[in-house]
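Structures given as structure tokens follow.
Note that chain A is present in both complexes that follow, paired respectively with chain B and with chain C.
Now for the complex of A and B:
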């Protein structure tokens, strides 16, 4: 990202194929692969931007939340590069970075304005956030059990589609009838902005098992389409409801599940019906990428609130950099010992 | 050639800055833990206290293990980042080589042994072998009992042997009982790798034309991840 906040390159090395045979991300394998790919990815990003290393003015890196082994690889390499080039290292919260996908230039995100209500929805998160201003965030609700992305992965397994589940279900569901099967929608208590997807996940598994027990093969297209519809309706409904109640100009989605075509359509439709803008960044900016990390750091630097010399925190809370003793306490609590041999 | 060396595979984080024409500087921090946060801070301290700017480093050496997966990854990650950003070569040296090189003398059998958990060790045996050629045994990851068997088969029993490392300390009486009175176990102070030794080994490797591209620098895990093991079996 250049001085004016323009994106010059955005390189992603996905590990989806690597983790497919294990049906999900294996932390140790992820850490190993990140270490192998980090230098080629850095080279690629600079080459694509047509820049030299000595033109870099700051490095941004995700410090949490996430898998500790992967975070350590990223932060250690970034710290070393920053030390070598004698430039600042800026720590970014991964969730906050997903929100900054809305500030990345694209025609879909044009007109994005704060305050806004945004949903970050992925394999690790389902968080509904009231984003008043830069650095001023409030989590309105989150999942009480599985992240939406986990439900996609589980349903994909039930349908024998493999990992990652999202894209496969999206493709399959295109030829199905979203009204064919009425799966439960968990709206929880009235006024709650929390989510729950474990019931939906179980309902899909039970439906498929019952059909098979009765000697029938469930129609996978219909199952995929109906599951997605149930999932997308709840997500979009709560997002738009929060947007209307809080009187913002519009609502946004990002995170891996925000690449799902049904959710994108549902959010656009419901926002339009409520007279709200719908900010839906292109899919490649919704899924994990470093452009959003650079963008979050760029805004923090512009406001003089950048988190300099960050430390890795696997459970980094949203909204502010943690105090050092706070991180230490949490670390002692979860028994994480970087020196252990695992 | 001014070399920055680092090893974080064991309970001791060790960082050194070494040049052939001047005194070296070395920083050792005994764990447990916090290697990740201390690593770059230690490098920074070393550079600041010697008055050497990062751009005056000519090569980076990383201890690649075996040892703590997290430890070897952060050492390799730091070496990759520095070498890449400074456009200088990076070379990896086995942590067991680094340990053995500190005590090796011709005729003496030297065996660094590190705890690999679940009753296993990482170990190797060096004997009358220039370290550039590596250990007699290769780098091993075995249950302690099997490692002992290996040592017996090599004809080590009854001969002077120097063991070093946390597993050697832990199994000192077992080693003496099984291999005889000539067994010498290095005290805690000498039981861990030293980055100045790593720098010296790295210098030889670089001279021999090894290493270079930081993208090619790889950890020496010896073990597959748990998931891979479960998947295979």
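Now for the complex of A and C:
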């Protein structure tokens, strides 16, 4: 990202192929893989931007929340580079970084405006956030049991699909009837912005089990389509409800599950019906990437609130004020996705 | 016929009729746990491992929201004892139990509640196993719980638990 906040390159070393062999993210293997890919990805990102390392003015890195091994690899490498170049290292909260997908250049970015209500939805998170201003966030609700992305992965397992489960269910569901099976929608209490996907997951498992017990094979396309319809409806309904009640101009989604085509469609349709803008970044900016981390750090630096000298925190809460040394710009800190820079 | 806890009990089978009852059962079990205890939960997707864990942690005095640890692998909570709520779903083999640091919790100062324990069965220290199964019939809400004590401590625990749960039967 350049000094005006324009993105120069964004390289993602996907671990999905490796993880597929193991049915999920295997943390130690993941951090070994991080270690192997981080330097090549850094070189690639520089080459793509046509920059030399000594032109870099700051490094941004995810300090948490996440898997400690992966966080440590990123942070250690980023700290080393920042130290060697004598430039600031800025720690970023991974969830907050997902919100900054809305500030990355794309066709929809021009209209994005704060305050907004945003949903960050991924394998580990389902957080509905009132984003008043940069650095001013309020979590309105989150999951009480499984994250939405976890429900996708486990339903994929029930259907015998590979990892990652989300894209597999999205593909399969395209040829299915979303109204074929009426799976439960958990809206919880009237005023709650919390989510619950455990009941939906169990309903899918129960449906498949009962079909098989009766000697029938369930239609996987219909199961996938009906499942993601139920999931997307609840996510979109609560997002749009919160947006309407809080009187914002629009609502946004990001995080890995925001790449799901049914959720994207559902959010657009319900927001339009409620007279709200729908901010739905391109799928490659919704899933984990370095650009969103750089973008979050760029905005924090521009406001003078950058979190310098960050420490890895696997359960870093959202909205935690940056620690102490905001003035000292000669610090080294952390690293996350290989190749993060600002 | 009261049974002295010291007599111990190796196996126990129970049926719960709702998620709430599974949670209540967990809460009672949690109230009996002490530092160093390991609970190994098994059962298919949707059988209620996290639901049982929510009860167990409530019984340990944990007030945080307890969610599935599948993504993060380990959630740490504080109740009357420290609790590590762990999930082996995404581990490929028993070797990785050691790699993610589960070994540090053996004989530790807290309780370990491990979901998808069958994925690291070869590695586990002594523990109380709770296997949850769906009802093979038409009762979607019913769950069959099979307890298996692996080690003297857990035979004592299981006997205590049966005595405490008996009035609910």
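Heads up, the rule we're going with is that the second predicted complex is superposed on the first by the 320 of 342 C-alpha atoms of A that agree within 3 Å, B and C clash if a C-alpha of one lies under 4 Å from a C-alpha of the other, contacts with A are read in each partner's own complex, and residues count from 1 in each chain.
Please note the rule applied: a contact is a pair of C-beta atoms (placed from the backbone, for glycine too) under 8 Å apart; a residue touches a chain by one contact, two chains touch by 3 or more.
What you are looking at is a predicted structure, and each value in this text was computed from that prediction instead of being measured.
Student: Thinking of the overlay built on chain A, is A:209 touched by chain B (first), by chain C (second), by both, or by neither?
Tutor: Second partner only.
Student: In the overlay, answer first, second, both or neither for which of chain B and chain C A:67 touches.
Tutor: Second partner only.
Student: Identify the partner contact of A:161: answer first if only chain B is touched, second if only chain C is, both if each is, neither if none is.
Tutor: neither
Student: Which partner chains sit in contact with A:123 here, chain B, chain C, both or neither? Use first/second/both/neither.
Tutor: Touch status of A:123: second partner only.
Student: Contacts for A:231 in the overlay, against chain B (first) and chain C (second): which applies, first, second, both or neither?
Tutor: It touches nothing on chain B or chain C.
Student: So in the superposed three-chain picture, is A:147 touching just chain B, just chain C, both, or none of them (first/second/both/neither)?
Tutor: second
Student: Could you look at A:198 and tell me whether it touches chain B, chain C, both or neither (first, second, both, neither)?
Tutor: In the superposition, A:198 contacts chain C only.
Student: Of the partners chain B and chain C, which touch A:81 in the superposed model: first, second, both, neither?
Tutor: Only chain B is touched by A:81; chain C is not.
Student: Do any residues of chain A touch both chain B and chain C, and if so, which are they?
Tutor: 22, 26, 28-29
Student: Inside the complex, what are the residues of chain A that reach chain C?
Tutor: My answer: residues 22-29, 65-67, 123-124, 142-147, 149-150, 153-154, 157-158, 198, 201-206, 209-210, 213, 314-315.
Student: Contact residues on chain A for chain B in the complex?
Tutor: Touch residues, chain A against chain B: 21-22, 26, 28-29, 31-32, 35-36, 38-40, 42-43, 53, 69, 72-73, 75-81, 83-86, 311-312, 337-342.
Student: What does chain C use to touch chain A in their complex?
Tutor: Checking each residue of chain C against chain A gives 44-48, 50-51, 54, 65, 67-68, 70-73, 75-76, 89-92, 96, 99-100, 134, 136, 140.
Student: Using the touch definition from the top, list the residues of chain B that touch chain A in their complex.
Tutor: 11, 31-37, 39-40, 43-44, 53-55, 67-71, 73-74, 76-82, 84-87, 115-117, 214-215, 218-219, 221, 225-228, 231
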